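These notes open a run of structures that come right after.
Two complexes, one shared chain (chain A), two partners (chain B, chain C).
This part shows the complex of A and B:
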């Protein structure tokens, strides 16, 4: 009986070793939990599927950026805290390229009117170029100075986009604009129309309609999230390949000891610049996919918060592991980003709170006389604020208790061959060559 | 010629051209003298605040060896602590205790109703400044105990990441307690000194003067503390070489505690003075100030308090003078960040270089 149990245990443990199993298991738990939460909240089927779709969208986008950051920090040891800036460059350039040349109606500013695929490539290239501009002079700096430079760059981008001077400008006689603080309206056709106009898509709409009762809009959103998952898989594959290639081994060598890598004849600066540009371009791509289907974008979307979210996701998953990055972004979205709001809704389902006091003082004062109800009510009223506090505390807690995250403890050696000594040739090992 | 020398040459040439343009522009009347002077005065005042807050950041950066991203939120916390006391003293009895100590989280009695100015309510402002300093010092010590002490031996980067988490938690805790409303804290009725400068007026009001006096007094205090006291000597020794300080018998943990408290106290005072000067308070002004403080500290050279003061003034003045060429004020912060990045490129050790808290 007991051997049977240990047997199953061992089998489960070996199964757990596979990354695909880990991802499936954790995501299965996340989706199941949210489906149950949806049921508990009395959502209809389409509401539940919609909740899961939104989760998928968020996890996919954050996952892409986390993977790109993992390429920077996890593999190469480049400390980038200007993520929001590179995402902003990608999205804004794409939007400015794609907007029609004729600013009619509420469209405010003119664009170049390029087809969407070209605009996306343009945005990705621009984000990569931004990375190059930062990397060439700054990469030789100490890690903390480099970090400050990247966050300053991100703020320069954000403030530049916000400024009135660039709200509308002309470059070589072409009218363009960032829209300033009021933002930019995406008055082009749905970027996903390439897919939505396919014959097959109408049957997809019918299918989701009969399965979940989705309308065409929801079906499009679902398809969009599925496309994002495919892109995420692609990026995962790309970075996984990169990290296992000779190029990736040099990156790991740089992370472990840059001088040693140099002494082996590797031009580490070249490698660092290349990998930084690649990561920034991917961040730009994620920035584009994040918001280019919305009606518009404002610079507010690219506050340093975004960078902070991605770092939490990376640390949860564990720097240096691509699987960890995807898991980290899943757990971040499920627990820290969306979790608190759903928790609040669940509690409100069970308990009806009266009017909350308006101020903190009004909630604390009754505690002195033993009445904690106003404080609880105030806490719930201000739940969105507390969610951010929770994120900060979570990051501090992780850094204290588990800085290596879920999967960061894995040894990813920089060698191409396994470094474990084979068991059958221990005759000469450790004894020198002339023992016989 | 190395890249650095080339960059230095380009930057030097650029600075020379700008100053030349400014000089010629003033002489031939393109730029109004009084306007340039007003920018210079505003820039100096702003620079004093940045410099004052920068001293603490510079000290912890060199002694604990990490860039503390929570420093900006220490500035905000100090301002709220201090202004709560100022409201209490100035408005005792006019509104309930909670409303006053939370600096008026809701509409109602505020700075203008309480008629808070340095001339009409000097005691309230003195008390507020004192509490801002002492309160923040204790608060920062508490944060160190909770967040940083458990990872004292870690490298600079894990500590930096932790401090980002601390900053985030602290900022939204401030929103939770004090609300996210931006409010006025002083009444506009102030005596001021107006100087006629060729083509217009340059005015310095009583709050500007208070800021100058308080900031300089605090800076002088830190200078004396570092140079004349045993604690100061120990701090300088630690920032030079921590291991050596430890084997010499300097109680390093105690010195770290004092460093946090002094740095925090200065940050809190800077926040308080900033609110006195601008007349408004909100939950994220310290965070927005943080990168400027970093710019000042890096410009001056990490570890040097005189560098931080000098860097603060340079950043403040160049930010405001940039409006001569780039009107509207959209580019002041961008100017400061670009200066910081340039300094990092050319002289990463800062102008006052070296790791000495002196």
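This part shows the complex of A and C:
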């Protein structure tokens, strides 16, 4: 027994080391690069640390959702393109549960005034329930129709929130509201107050102040990012366990050949519904943690592009690998999401742009006479668009060169134990087969 | 000890000549695809512990019959009884619960899973298939213990089929014959009572074919019931004690190999009269 246990530990440790090295190396490069960019832009120490903190925040949130998507697509082969919808359900329900019961002043609508932890649980459960409602009728459909159902759901959620109908409504005599297109204001105390009011937190504020020259606001933001990293680690652990188990083995079999899995006695619908609900609940949690500290939220935050960002992160990292999902999120945020604007700032350090032309035609026309500067200026002015172009190019490149992503080639074992050769002394009872 | 895992049904072995219990009874089975009637009121019985061959020309409806029995297709008419239970139109996963397992004409291995993973998948009553048990620390301990025992069983079956050397290989990288072996090994992991094999020898080289036949005979002696679809008539005649002949969706003849080979209708329909 004890040798078995130590064996397993040694093996798990080497495996962990392997992934840890990968994560540390890639994140090391990302953070170092951004620190250098900060220096080049003449940021002070607190500015640089703040840049890195923002990166961490984004990577943690994207990492959570990408892990959830990996559970759907990478493990089970469920094509979910309604991610933004499940995130929205999580966040909106949490906000409506947490908002105080008296709609004071500019804070518009009333909520249920529940404590934040309860509100978070409520939001996560609501997102999971939304997943259940989508999954039960739709998982019987063919995979492509299922995908259409998910994106339809996400759009229904977004448009439903936007519409005037739900802007303000009453449920069992309680006044609630989504705020419609104008958005919903988070007029509850800082959701992280549970932590910020701790005794130790004041020493954390002092520490960040002496280290980076942070004020209390920055210290709180830093603590928030750190909490997100802890949650990300927890989700990684959860999904890692889920996939390395008999349950995960059935998921993998569903991805490979659902009908054959059924013939082997697996009630695949049952597994698909469970895993879909779990993934959706985690997407809801990520949606909550993403924006519940902001002053408010508008449905615009959940346009379909959010879903596609997550898919890009998953494709970069490699579907089927949890470590890949985290790495993919890191690279997506660093290069494709945040990269362009920092690049622009760097370029602006070197070249000073004049006023950009107002129209595309106005920017192209001077090229004919050999003057490219207006075009460059125009391009940098239209940065959002450029970012989308960059993402498209990156996707095409990946699909061409490395469709399996960073770590997708590495299949993770779907068993609760390492699948190893049994020791020789056990295989004496061979049935006439030589164990070569 | 490890050997008895495979022969766990040895108590049901019946001496030759006493195999009268009906394991599987198909009655008036009908399956239509649009205008085609693939199975046209087919009726036959398979005796417990027997090795029965199901033959017939291509398109006779043999695979479709298998699909209807095992729930892949819902039959348009007729009934299927297994060990006395009415299993007409059940879901495929329930079929395995009854102890009736099939393999596919074209092997359907889980290509991106290793041979070991493929074999660990089908075992019944894995508590780790409940999500919470696999995640929660205390319950997971039991899951890990179960997995160890299961892995032992998997090694036993690999040994039985003499394919230990491909254990860590991805199933998608195996040769056609190895895939067929894997499919059968995988079906056995369910510890079924009856196996429906759809052309288990197609694409298997003669050496492996012999081995596979030996394995099937060995398993038969342990009490398994086999229904085997095969279009190599000689192979069926030599190895099965009973033969069912299908033609254009119906059963043309049923009986022991001798009566089948001398049946005029069979010679006409199946052998095209070239005997």
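Here are some notes:
As a convention for this text, the second predicted complex is superposed on the first by the 394 of 436 C-alpha atoms of A that agree within 3 Å, B and C clash if a C-alpha of one lies under 4 Å from a C-alpha of the other, contacts with A are read in each partner's own complex, and residues count from 1 in each chain.
Heads up, the rule we're going with is that contacts are C-beta pairs under 8 Å (C-beta built on N, C-alpha and C of every residue); 3 or more make two chains touch, one makes a residue touch a chain.
Quick caveat, the model's predicted, so the values are computed rather than measured.
Within the superposed three-chain model, A:141 lies in touch with chain B and out of touch with chain C [touch as defined at top]. By the touch criterion stated above, A:241 is placed in contact with chain C alone, chain B being left untouched.
When the shared chain is aligned, chain C comes close enough to touch A:249, but chain B does not. When the shared chain is aligned, no partner comes close enough to touch A:72: not chain B, not chain C. By the touch criterion defined above, A:99 lies against neither chain B nor chain C after alignment on the C-alpha atoms of chain A. Within the superposed three-chain model, A:391 lies in touch with chain B and out of touch with chain C [touch as defined at top]. Within the superposed three-chain model, A:272 lies out of touch with both chain B and chain C [touch as defined at top]. When the two structures are aligned on the shared chain, A:22 is found in touch with neither chain B nor chain C.
Once the two complexes are laid over each other on the shared chain, residue contacts for A:53 go to neither chain B nor chain C.
Those residues of chain B that touch chain A in the complex are listed here as 66-67, 96-99, 101-102, 105-106, 147, 150-151, 154, 156-158, 160-162, 164-173, 175-180, 291, 294-295, 298, 326, 328, 330-331, 333-334, 337-338, 340-341, 344-345, 348.
Within the complex formed with chain C, the chain A residues making contact are 238, 241-242, 245-250, 252-253, 255-257, 259-268, 271, 274-275, 278, 411, 413-417, 419, 421-422, 426-427, 429-436. Here chain C touches chain A in the complex through residues 1-3, 70-72, 91-93, 95-97, 101-102, 104, 108, 110-114, 116-117, 120-122, 124, 126-131, 134-135, 140, 143-144, 146-148, 151-152, 155-156, 159-162, 164-165, 167-168, 170, 186-187, 190, going by the rule given at the top. On chain A, the positions that touch chain B within their shared complex are 79, 81, 137-138, 141-145, 147-149, 151-153, 155-156, 159-160, 162-165, 308, 311, 315, 358-362, 364-365, 382, 385-386, 388-389, 391-396, 399-400, 403.
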